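The structure's right below; bear with me while I get my questions together.
Each chain carries a letter (A, B, C and D) given by its place in the written order, and its residues are counted from 1.
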Amino acid sequence: MLIYTLKRLVVALLVALTISLISFGLLYLSGDPATTIAGESANQAAIEAIREQYGFNRPLYEQYFAWVGRALQGDFGTSFYFKVPVTDLIFERLPVTLGLGLSAIAFAIVLSIPLGVLAARYPNSIVDRLALTISVMGQAMPSFWFALLLIMVFSFMYPLLPSSGSETWVHFIMPTVVLGYYATPAIMRLTRTGMLEVLGADYIRTARAKGLRPRVVLFKHALRNAIIPVVSLSAVQLGFMLGGSIVVETIFALHGTGYLAWESIRRYDLPTVQAILLVFSLIYIVLTFLADLLNAWLDPRIRVG
Amino acid sequence: MAALLEVENLRVDIPLGAGDLHAVRGISFQVDRGETLCIVGESGCGKSLTSLSLMDLLPPKARRSADRLAFDGIDLAKVAPSAMSDIRGNRMAMIFQEPMTSLNPAYTIGNQLEEALLRHRNVSGREARERAVHLLEKVGITGAASRLGQYPHQLSGGLRQRVMIAMALMCGPELILADEPTTALDVTIQAQILHLMIELQKEFGMGMILITHDLGIVARVADKVAVMYAGQIVESGTVNEVFENPMHPYTQGLLRCIPVPGKTRRGEPLGSIPGIVPSLIGEMKGCAFANRCPYTFEACLTTDVPLFETGSNPNAGRGYRCLLSEQQCIENAKEVA
Amino acid sequence: MAAITIPAAEDIVGPTPGQRLRKRIIGHRGVMIGAVILAIIVLMALLAPLLAPHDPYTQNLGNRIVPPVWTDGGSWVHPLGTDGLGRDYLSRLMYGAQISLFIGFATALISGVIGTVMGVAAGYFGGRVDLVVTFLITCRLSMPVILVSLAVVALVGSSLTVVVMVLGVLLWDRYAVVMRSATMQVRSLDYVAAASAAGCSTWRILVSEILPNVMNPLIVVATLEVAHAVLLEAALSFLGLGVQPPLPSWGLMISEGKDYLLFEAWLITIPGICLFALLLAINLLGDGVRDVTAPENRS
Amino acid sequence: MTKGHISKIRYLALAGAAAAALCFGAPTAQAGKADDTLNIAWDVEVPNANMYFDTSRNGVIIAHHVWDALVWRDPATGDFKPALATAWNVVNDKTIELEIRQGVKFHNGDPMTADDVVYTYNYLAQPDNGILNRNFSNWIAKAEKVGDNKVRITAKDTTPLMMLYITELGIYPEKYYKEVGPDGMGLKPVGTGPYKITAVEPGKRLEFEAFADYYDSPKGKPSIKKIVQRTIPEMNTQVVELASGRLDWIWRVPQDQAERLEKSGRVQIINADTFRVGYLALNAAGGPEDSPLRKQKVRQAINHAIDVEGIVKNLVRGSSQVIHSACYPEQFGCTDDVKKYPYDPAKAKALLAEAGYPNGFNTTLYAYRDRPQNEAMLSNLAAVGIKADLRYGQYAATRDALRKGEVPIASLTWGSNSVPDVDAILPIFFGGLPDDLAKDTEVQGWLKDAASTLDQDKRKALYKQALQKIAEQAYWVPTFTYTTNYAISNTLDFKPTADEIPRFWTAKWK
């Protein structure tokens, strides 16, 4: 386990390094960011001063190493736009994105696991068909369209829910549904497939032979085994939601990292974009690692001996 | 007093696209406390489905029907699913063929042992634990207490089957159904396990249905034998009667396939039954064994054969399903011997 | 534990060779529904020059936001009404099908070539090649597609070509994952070993033994990736960084219709429903093909 | 892996859930008239609340609310009125002396003195102060105290718009600013304006509160007690929030949406003029040697090809006006007396043929906002044979490319920083600065002359000359003036001004 963890750590570092290269190279496609920083009404002198101040006139590799060096110490530089440390900026906004991501994945799980379980328990029943419909619709529904439709119906036609802000949990209902629905199909399918497989297993028959109640058989004995791949998938989906949060946060005016990323791209706020890309990647790596740990906990064959 | 388990005209049908598969076609038998019934037959004859149908563990598609299916006077055909699950694992327990896959990989041995007792008895966790340790010792597992925390994948096949047996015994059942409990195990371990089961059965005075295709086992442990072929019992009786005087050509064929110490001479080829089992899909006309039977005559192909009762003791359930005269059967049996 | 967590690979790879495929496809309801919808959309796209009642680019500023025929003020001149610049909405929708389908298929092709080469190489050669490919997959998976594509498109400038190239270069991960495991499976089969033993060249084995046998999962992934690409283009267009106007991609039409969401909802609903139908059709088709090629996964 | 580790994971999961619950659990603010709070939304994030470090429109708005300048310009009449200075005296071309008002307090309670004024101006005059908003402060050479309450400000050069600039320069508290620096000021701003800022969540939210000790300023005392600004990027969301009463004030609502909203009766719509003008910048002096845009006739043809009137009438609507010269009509020095190019595709084609492009040519149009208008112009160009690809991008990217001379045609807008004088537009685009695509030395000369005299008539004449040549040469295609749609709740009384600076201290509840 220790060796495995170390290996994972090395891979994670290599990935982070690669991503840092990509994000750095990517954003320097744009050429000289000094004009951007200076703003609409800045004159040439201001632009020159900025170029000097940020070191844009130095060779690219020098800028890269300087950046990586600082990044290793948790210093991603200063946002061109906000003029505050990018690290502060990201960590100030990360809770919203993570909160949204967690509630969305929770929504997806709460919706899809019971449905997936029931669909597998009663194949070709109404529940199964409902589950199938939900999942097929979920795959085909562009999230921004879904979000706008929700706003139109639940905030405009029937003003029941707030369409912007992140003050209370009520504000998170619509964003959660939109983002969570996006992850639902995959989780539901995998649950259903896994459950179908597990329900045919011998140990399920054993459990029933012990006279255990159907609920116990289904949830204790079957789900526990079927859920193992679902955990990995959920982690991956949570990672994907970081990307999905860009659209959702923009529409619902949630000031999270996804929206920050999008605005930073539009503002050419390179240090912020680079850092977010890197942070998102790291989160993904951490998530998959956590999922593995969780799997190890769920599956004693991995954990023990 | 009625027998512990009474089964009359039990049928199991599985609907398929091409028509119903009649897997078990009207079988009847009884098992009493302290008695061991062996159901013998080759693969696919319906013996496993018979045991599953008794436990109400058939696959979802399969349908069960019976004229009488009574456990200690309780009509299992009419009992509600929840009441059935109260009986299952409690008064009737089952041991399966595949010890490698029959334990849930995600839970410890202890957990899986204890949950049966916790489900059916109002006991504390500690009591359940003690019972589990006790039974693990009983089935010959050393260091029982420490085993409780182990997971199935950490145990060998023989150990797992012992665990399965212990699990079946947790609630002190009155009837044990063992479906080929030793097939998947090493030969050396087979004997140990079998031995263990018989011992326990005697000790606890349980009724036992042992399903096997191994006549050697039958000879050693059975009180009564039911020979199944193509979903029917073709011959039944006490183990002595059946082994001494096999009436049905199929039984005779089976017995010819095993070496009998003292009777089978060294170097003599063992018998085999040529041909294949008929399809069980759709209605079947005549004797199911007709296509493989050396004595087949015209009536065998057209007449449905009833189970003829015979033997000195009508309660012993001695019967056979053959159109040949009793005399003829006895003649044929002598050839086997 | 796998070195990386690969999503949903196992439910795409089906071991069954595709002999009985055709029969099962015909009998599969999802596939048939998907195929019919997709066929309608493809026909609409191909026949747009013949069927479209108007030129999709001709503006008429005096005739803006005409409602569709079924509402008050609508007429058969513009069955689906006109957009904010007075262009015929039905015609734009038809030509838009061309663009959206082109984006989907072109992207799936580019990413398919990249991903298949990587996946097959990793699966066949194993060892270091596999290590590198797996690493690349991990890197790729850890970058949110939408963030990276937004950044690139914002920097390079958005156009149809840029969008297709960027998405094509980004969306190969699922191909690689699936092709890798499918190839591993096929490689271990006897006939591949036999071909290898018979002295066939690696290239020959890859082309004539491996590829035909990983075709089923490849087709499934390709189908789903077409949908993925269409969806992502729509998202990019929605954020203003997709294809450039006046090209009527459905994503762009939704984006343009966005300003009318609250009062002329049909301007966003119509392309929205079309996009939904297209994605639904492709997904049904893809899922169906998966079911059909790996039937043990369903029922 | 042991049990111990597992429970740690469980614990972390719980902690995560608790954290998530915490961020959902914050109390919500009640909106509107009921609690005397004006809820407003912008679509752009405000990076900080330090007025000299934000060049955006929002920065200007914040500045006007939080910081008063020495002099105030009445937006209605254009008159200069005493604010933090009670009187002033223009000593010469480059020097002005001002009498500083007594008894004015900063938001933190410190008194505002002549020292603060001197400090602020000298700070702005430093070349290395790092401030971004230099357009209004570049002229300052130095400031000095010439009496207890008297300050002399000296310009580097003759500065015709000095008074105007002074009205835009808020006075900073010397002591506080030295203590907290620019970043501290951005997070906890302190000024003398009608509103003080009580909370800054960068990019997300700003909270203003009426300043109780506000001096007797010509701006007047604020009526509404609190203002809460939120950033909502999506216009639909803004409209929905407004319609459902969670917002009281939004602006820049698209015309179509504004008209429908007004009809719905749920909110009020005010369509107001702005200083912003739209134009196509033509790369007249740059690009490849054989660029068609180098030819005057081609540029004139483009002017004739664009149906500005049609676009204004059908798309832009509101009170937007068609313009013919490169300035906002109300600006000092702006004139309509220039060569006009009525919409005439036939003539455009003829001119193209004369220039050697009978079949038109291919080019690229860069744009960064107002997609429908640009699409309409694209279609106009196509009608005379000019096939332009649209490159729709970010403002900064467009302007970058433009400065590198890579852009043949750019569709841009300019708001003149709300300065009512062509000095805020012409020198930037025709005075030889990086945005000058015409590079017309004659025009550059006139503009330079105009900038170095205080003689208003002379300035006017020079600007007219320049504008006439710009039109004659067709360096630009001036299109139309922008209007802004304000959508406000029915309970709010709000009067917009043309300089696109909402003045919330004049707003009231009905």
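Convention: a contact is a pair of C-beta atoms (placed from the backbone, for glycine too) under 8 Å apart; a residue touches a chain by one contact, two chains touch by 3 or more.
Remember, predicted model here, so these are calculated numbers, not experimental data.
Measuring from the average of all protein CA coordinates, the nearest chain centre is that of A.
One finds 37 Å separating the Cα centroids of chain A and chain D. If you average the Cα atoms of chain B and of chain D, the two centres end up 90 Å apart. Chain C has its Cα centroid 22 Å from the Cα centroid of chain A.
Rounded to whole angstrom units, the spacing between the C-alpha centres of chain C and chain D is 43. Within chain D, residues 236, 239-240, 243, 394, 397 each touch two or more of the remaining chains.
For chain A, residues touching at least two other chains, in rising order: 30, 148, 151-152, 156, 250, 266, 296, 304. Contact of a single residue of chain B with at least two other chains is seen at no position. Chain pairs that touch one another, listed by label: A-B, A-C, A-D, C-D. For chain B in complex with chain A, the touching residues are 55, 57, 81-82, 85-90, 93-94, 96, 98, 101-108, 112, 115-116, 119-120, 151, 153-154, 164, 167.
By the touch criterion stated above, chain D contacts chain A in their complex at residues 1, 5-6, 9, 16-17, 19-21, 23-29, 41, 45, 47-48, 53-56, 127-128, 130, 132-135, 138, 182-183, 186, 201-204, 230-234, 236-241, 243-246, 394-397, 399-400, 403, 417, 433-434.
Of all the residues in chain A, the ones that touch chain B in their complex are 201-203, 205-214, 216, 221, 224-225, 298-301, 304-305. Residues 1, 3-5, 7-8, 10-11, 30, 135, 138-139, 141-148, 150-152, 154-156, 227, 231, 234-235, 238-239, 251, 254, 258, 261-262, 265, 268, 272, 275-280, 283-284, 287, 297, 299 of chain C are the ones touching chain A in the complex.
On the side of chain D, the complex with chain C involves touching residues 235-236, 239-240, 243, 254, 256-257, 260-261, 264, 307, 310-311, 313-315, 371-372, 374-376, 378-379, 382, 389-394, 397.
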